[in-house]
Amino acid sequence: MDKITIGIIGAGRIGKLHAEHMSRNRQVVVQTISDVFITDELRAWAAELGIGSVTDNYKDIIGDPSIQAVFICSSTNTHVPFIVEAAQAGKHIFCEKPISLDYRQTAEALKAVKEAGVLLQTGFNRRFDHNFKRAREIVQDGKIGSPHLVKITSRDPAPPGEDYIKVSGGLFMDMAIHDFDMARYLSGSEVTEVYAQGAVLVNPVIGELGDIDTAVIFLKFANGALGVIDNSRQAVYGYDQRIEVFGSEGSVTVQNDHPNTAEISTKDSVSRDNPKYFFLERYHESYIDETRQFIECIVHGGEVPVDGRDALQAEKIAYAAKLSLQERRPVQLDEID
Amino acid sequence: MDKITIGIIGAGRIGKLHAEHMSRNRQVVVQTISDVFITDELRAWAAELGIGSVTDNYKDIIGDPSIQAVFICSSTNTHVPFIVEAAQAGKHIFCEKPISLDYRQTAEALKAVKEAGVLLQTGFNRRFDHNFKRAREIVQDGKIGSPHLVKITSRDPAPPGEDYIKVSGGLFMDMAIHDFDMARYLSGSEVTEVYAQGAVLVNPVIGELGDIDTAVIFLKFANGALGVIDNSRQAVYGYDQRIEVFGSEGSVTVQNDHPNTAEISTKDSVSRDNPKYFFLERYHESYIDETRQFIECIVHGGEVPVDGRDALQAEKIAYAAKLSLQERRPVQLDEID
Amino acid sequence: MDKITIGIIGAGRIGKLHAEHMSRNRQVVVQTISDVFITDELRAWAAELGIGSVTDNYKDIIGDPSIQAVFICSSTNTHVPFIVEAAQAGKHIFCEKPISLDYRQTAEALKAVKEAGVLLQTGFNRRFDHNFKRAREIVQDGKIGSPHLVKITSRDPAPPGEDYIKVSGGLFMDMAIHDFDMARYLSGSEVTEVYAQGAVLVNPVIGELGDIDTAVIFLKFANGALGVIDNSRQAVYGYDQRIEVFGSEGSVTVQNDHPNTAEISTKDSVSRDNPKYFFLERYHESYIDETRQFIECIVHGGEVPVDGRDALQAEKIAYAAKLSLQERRPVQLDEID
Amino acid sequence: MDKITIGIIGAGRIGKLHAEHMSRNRQVVVQTISDVFITDELRAWAAELGIGSVTDNYKDIIGDPSIQAVFICSSTNTHVPFIVEAAQAGKHIFCEKPISLDYRQTAEALKAVKEAGVLLQTGFNRRFDHNFKRAREIVQDGKIGSPHLVKITSRDPAPPGEDYIKVSGGLFMDMAIHDFDMARYLSGSEVTEVYAQGAVLVNPVIGELGDIDTAVIFLKFANGALGVIDNSRQAVYGYDQRIEVFGSEGSVTVQNDHPNTAEISTKDSVSRDNPKYFFLERYHESYIDETRQFIECIVHGGEVPVDGRDALQAEKIAYAAKLSLQERRPVQLDEID
């Protein structure tokens, strides 16, 4: 078996996560990882994983003819230029979500990808989650008939720091964007209308930064179904990731994953441990799976499971949600471009 | 103990239900029941229950000086005149929901009640449900902190007939009105804004009659919380009645009641029986409790647990929802009167 | 409809329970209730229910030619003589469990019943429980194939007082006897072998009285299946009543009933209220059902759902369990008599 | 960090499993794997994993001075001689369960281990399972008070083939041995008495081979608690691995793991996917954890989490169970040697 040689741009939390998974994938050689800050710890970690080299210049990756695929895990504002450069260098691309905070720039990046004829996969890892994947299968197999309602609950255990909030693009673009993709994935239909309500209930500082921390977002789908997403930056009991698709012949629900099934009964109550704390625990397997499938597509051909258009559509919905919140009205998706 | 003597106007399904419960309440004498259609079956049923007399004239109840309280279970369009007459006759009143399809008329009826100084309780029986009552207690005890989100799922197992749909006042007034009351009950706060989306996905005839069968309704509360209700006229798996209140310190959820806890594991799946089929099974105890408490209030004094203003507010929210759907925009509650 | 006239012997907790249910049954006239201790409270309670008379002489019931059926709810040591007298007087009999602490005497009583040709139903109310009834249906419908294992967990929330322990006949006869009946009911097969282990872990006083408070009991059934019962006099979290029947094609389990479905998630855990506290809450409906069916059998004919032989078999198993514990060996049921 | 060099004897399913996990462990070098049957597939698989060499002679491992630890995953009858040889060669040992079918030989092996001063860990992987570990923690933290009852359900999805049955040592030694260890692990106490019941209900061929396929096993613990294990070789709905520890202050239960949390409601029922099919799915993480901890002990010192005495005690209980079944009587553990 020929191995795929890859480079990873960005050695933050998510870049390192992909690096660790890729270094265990027997189909892959991790040639280079780049980051703007290189530390001794980073070098030691890379050596331990058997990564060939560490650089502070991403061009060492894009310019390396031995590298076939690039993982773009750097800050969001760099995604579009890096995609364009990588595509023009003929490299397949795995890019974290969102591609950009401006869907028009995303469209530009996709154009470059198309012209270059390379693969681009977007990091909507939740599509690979065992629970959501099963729900989607059930919907697609027609077991609940035609979808009438799609409900998504998506709440983080704790809000990010102020520095992150400032550059995040806001709750819709940073957090709900996963849910916008999930809505399309579960319903098998495009979103046509968005109405969003937001509030600052968790931390007033978030409001001072011009963002919200709590939201309810209404969706309308091309197939006639209705949808609703609720978000909070702080569920004190842990990561809350549940969905329901209700249809003409039934309903499928997905509950949270817990670290164990132990249940204690005492004189006070019957209780169990909280859900898995956050995305690294809950989506551990899905991060492995999404990149494994990306490599499979390069090796064996075929379409990537989450493509650039998926990123673009989710970004447009996020933009429509923001517009809806500002203008206090439902927004049609075809108003966006 | 002195007994309370009551009369029941309307011997349809719900009038008979209250009659059966009241006839088993040792504090109550059911003196008379009236209906526009009197049959031999009705007479036999009344005799069996020990009800004193059956009449086709509701004035035999309102004009009877021995009767202290009247249960109004007749068709919605009669509620207001009957309330006014009963109040003027000095009788306490238990009235089914909604009081009327026009909140302005309801306000008129409440005025008459106030002037007469009688008690008026509205039939929002779900407040007496073991599950919702417990959720409300948990919220009021501060166990989940300040409410941020209130979510209500309320789906019937099958749509009513066309004849019923025609006079029902529409999904918001007929069905969601319970959920509007539940939203106020659970959040402990008034609704200030409504945005409603509706669709005809279950049965096109419902659309032809100018109604919808599927809805998602957004609420905003005076305390800053957000709310969302989803409704369907047809959940093929049975009556779906779940809620969640999410707050700063946690969340409380209520699942459906099932007829038993038996779970079967076979080579195909692990399964259990569907939820209780419909309101008569699910809310059996709550119907007993609401009328028992009404009688208690008459006997021992005190305020009724669900008063006329609760009816009025729910009707205003229903009206706002209808307006929102028609005008495709969020509606402020203070636009309504 | 002709009404059945009944008398109730014994106005303790269970006698009063049956009296309340029977007084609401439209097919029944409760003519007389007897107890060795008559108080003003008892008289007032009986008057309230519309019970004709109160007496301290059970012969006023057995000797009353207008009475067709007798409920025997007095202390266990009186059951056999009362059954014999009632049978000889031609009255149908509902008798609480166990019929006696000596299965040979029970056999004598059954002989008298047979000779008189009257109906005798035993108070194994759990057969009428919504959960266990459903489990039995599933087994009988063949959905789990041939039963291989029957597992019964039966734990009280708190031990009875010493006075009760002294006359109870011991844990096997007093408490596990319900489970012995349940084992026969669920498996559809007779018990052929018993091996019992017991311990005093809850309260040493129970041991000093010659009883145990914790037990594990093995059963072998005629159809080849194995069974196991575990008992405790004290489950601090409430009444614990679960079963499982495992077979060649699957398994059915029954979990506890809880007072509501509310679940709270906080930073500490996800929790819910404890199971229903004790038999009056958990088996409320089953007590109504068992007596309703007894009356139905008198009115319409047919066999009672739990007959004298069911009582006798359960008592024999209890006896075998006691013998097994004493002699530390498995005991064959056919050693008993 | 210095790496630990290991050799693996036996390249069957479990040997290969450990090899795969160890080859991903950065603290480990897998030097050699041996098996009596060497195929091209095995060589390719080993090369892929980076295993240094493949041999058909286990002595190439035990005689290799660079190897510090040996994993014994060969057939049970070879465990004792291999342990003795490996210990005498000064190598740490990880040995699959049971160490032998004859607890006296196991004792001999342990003597050799002790004399050599090497570490020996036994493959009771279930102690590392997320569910059971959490249950044990809860018990040890005193959250359920003193244990009164330990209940273990352990059922395989399908019986092994006849060839395996023949050499397995029987259900108690082959299958229930995990449960005997679990009983000691959960209760924190030694087993003092065993009473076993067995039946052939799944497949008569198993009976013809002198084995049973269904069992209920009673245990008595030194701390006064009682225990019960139920086993079946065939649960058609999948691997059934549940436990309960009930005590003076409460109870902890562990339910099965399922592949996802999706639940489908249709007009027929509410259902979910069966539990994880078998030990490779259910105990995937625990296999990784047990060997990771073994390596940690070698690197950092300290006692192994499951030692030779744990193996010996479980084997003695299995022997006692067999004796109990044969002689149809409870057997005291101190009868065994």
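Order as written gives the chain letters A, B, C and D; numbering starts at 1 within each chain.
Assume contacts are C-beta pairs under 8 Å (C-beta built on N, C-alpha and C of every residue); 3 or more make two chains touch, one makes a residue touch a chain.
Everything quoted here is computed from the prediction, not taken from an experiment.
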item	value
Matching chain pair for A-D (criterion: over half of the contact pairs shared, by residue number), options C-D, A-C or B-C	B-C
Chain separated most widely from chain A, comparing mean CA positions	C
Distance from chain B to chain A - Cα centre to Cα centre, in angstrom	43
Between chain C and chain B, distance of the C-alpha-averaged centres to the nearest whole Å	40
Centre distance in Å when chain B and chain D are each reduced to the mean of their C-alpha atoms	58
Numbers and ranges of chain D residues touching at least 2 other chains	235-237, 249-251, 265-267, 273
Chain contact graph, described as a line, ring, star, complete graph or other shape	complete
Parts of chain D lying in touch with chain C, wherever the complex brings them together	146, 148-149, 151, 155, 195, 197, 199, 201-202, 214-216, 218, 220, 224-228, 230, 232, 234-237, 240, 246, 248-251, 328-330
Footprint of chain C on chain A - complex, ascending	235-238, 258, 265-275
Footprint of chain C on chain B - complex, ascending	24, 26, 48, 130-131, 133-135, 138, 143-144, 249-257, 259-267, 273
